[in-house]
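Down below are the structures I want you to see.
Both complexes below contain subunit A, partnered by subunit B and then by subunit C.
Take a look at the complex of A and B:
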């Protein structure tokens, strides 16, 4: 039933935005931001539950849980960045959107580089 | 040999399934290729990691990872310190300190020492941001909390008895303490060596103490 709630909310917001846009485009943007945030929070609980379950299975594998945490952090950063960038792009500010994406890429890099270097170390240690 | 292959294959399968599931969750935009890159590298690590046991000595990947991310954090505040005001600087230094503390706690818990159910750490870092080795860890304190019933680990000679909850009772038979000293030294050495290689703290600057859990409010009891 959650999907009906969310779709209903989305369609209602879209209709309101379509009506308002002609007279007051600045309010339309705020409305779309709020709708996005509300939908985000509606699914946040489910998302957390899924991630918890996946994490418990990852524990069973012999590999370090740290890699999974890093992967999840990257997914989270990607989500938030996409969310912000889409809002900016909807409002017509695609240059700011691309800056947000740049920032997200750099932050993802700082998380990913230690994994890449540990792969390098692994390869170096295998080499005779 | 069968056991080795079994755990290897299990590893690969679990990680493959996880990555496929995660791929459903990730946003569809430009970020996708970065997530794919990282998950691919994790997959490669999972595939070749067991081989190191055959070819070379045991490699501790976690150590590399912690020391590298620590390096990135440190360089980052070093660069930022050139631009930021003093107060902001202090906040960032505090954040950095917390990060190191978390790393150390994770690392100690990752060793899975028997009988230890909680580890707390505290570090003193060089907070003088004009100095050359700003961000260097001067001293690290590690407190290991043991379960009350457990006698897998016995306290070291220099245990400082810290009263948790206020009602510490001397109900520990002394002979147990003597028996366990050696195990503890071994564990302490292991912890020290790991922290030394991961974060570059001198071993003599790492202080490890054991604390008995006196059944304070934080202890969860399994019924």
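Take a look at the complex of A and C:
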């Protein structure tokens, strides 16, 4: 049921943006930002439930919770970076969008370093 | 959460563009740019408030 609401909202907002883009392109961009934010809030509840479920699985399998939090942070960074980059690309600033994506990749790499080191240590300890 | 926000901003946008046309037709150019700026500032404040709200939610949800 929710998907119908989301798609309807997206199409309605797109039509309104088409109307406004003629005279006021700056307000059209803000309208697309707001639509993105509203759609995110529509799915925020479900997403939080999924995250809690995964967290409980991690606890049950008593895997170190650090891996899960780093994974979650990476997903969050990827989402925010993609949100910002697409808005900039919509507005026609694709160079800014690619800069944002580059920054996101660097931040994600720095976050992934502890996991990679622990993996390497594991591999070395296994080797005879 | 804020579905009416979209239509409120759309209404402001349409209102500002219509007002702009009317004012520029009647010869008051500076008032036209004034209303454009005012509309832009109002919409910007609403958008920024929602973006801050979004980032706080994301921070809470992804355990930043």
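Just so we're on the same page, the second predicted complex is superposed on the first by the 126 of 128 C-alpha atoms of A that agree within 3 Å, B and C clash if a C-alpha of one lies under 4 Å from a C-alpha of the other, contacts with A are read in each partner's own complex, and residues count from 1 in each chain.
The rule is simple: a residue touches a chain if its C-beta (ideal position, glycine included) is under 8 Å from a C-beta of that chain, and two chains touch if they have at least 3 such contacts.
Since we're looking at a predicted model, the values are computed, not measured.
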Ask   = Looking at the overlay, does A:121 come into contact with subunit B only (first), subunit C only (second), both, or neither?
value = first
Inquiry  = Quick check on the superposed pair: does A:91 touch subunit B, subunit C, both, or neither? Answer first, second, both or neither.
reply    = neither
Task = Quick one: classify A:6 as touching subunit B (first), subunit C (second), both or neither.
result = neither
Message = Contact-wise, after the overlay, does A:47 reach subunit B, subunit C, both or neither (first, second, both, neither)?
response = both
Request  = Based on the superposed arrangement, let me know which partner A:33 touches: subunit B (first), subunit C (second), both, or neither?
outcome  = second
Ask   = So, does A:24 touch the first partner subunit B, the second partner subunit C, both, or neither?
value = second
Query = Between subunit B and subunit C, which makes contact with more of the residues in subunit A?
reply = B
Inquiry  = So in the superposed three-chain picture, is A:105 touching just subunit B, just subunit C, both, or none of them (first/second/both/neither)?
reply    = first
Query = What is the contact status of A:81 with respect to subunit B (first) and subunit C (second): first, second, both, or neither?
reply = first
Inquiry  = A:16 in the overlay: touching subunit B, subunit C, both, or neither? Say first, second, both or neither.
reply    = second
Remark   = Overlap of the subunit B and subunit C interfaces on subunit A comprises residues 47, 72, 75, 79
Ask   = Of all residues in subunit A, which touch subunit B in the complex?
value = 47, 50, 54, 57-58, 60-64, 66-68, 70-72, 74-75, 77-79, 81-82, 85-86, 101, 104-105, 108, 110-119, 121-123, 125-126, 128
Key: Residue ranges of subunit A touching subunit C (in the complex, touch as defined)   = 9, 12-13, 16, 19-20, 22-24, 26-28, 30-31, 33-35, 37-38, 40-42, 44, 47-48, 51, 69, 72-73, 75-76, 79-80
Key: In the complex with subunit A, residue positions of subunit C that touch it   = 1-3, 5-7, 9-10, 12-14, 16-17, 20-21, 36, 39-40, 43-44, 46-47, 50-51, 53-55, 57-59, 61-64
Subunit B residues touching subunit A - in the complex, by the definition given at the top = 7, 10-11, 14-15, 17-18, 21-22, 25-27, 29-32, 34-35, 37-39, 41-42, 44-46, 48-52, 55-57, 59, 61-62, 64-66, 68-69, 72, 76, 106, 110
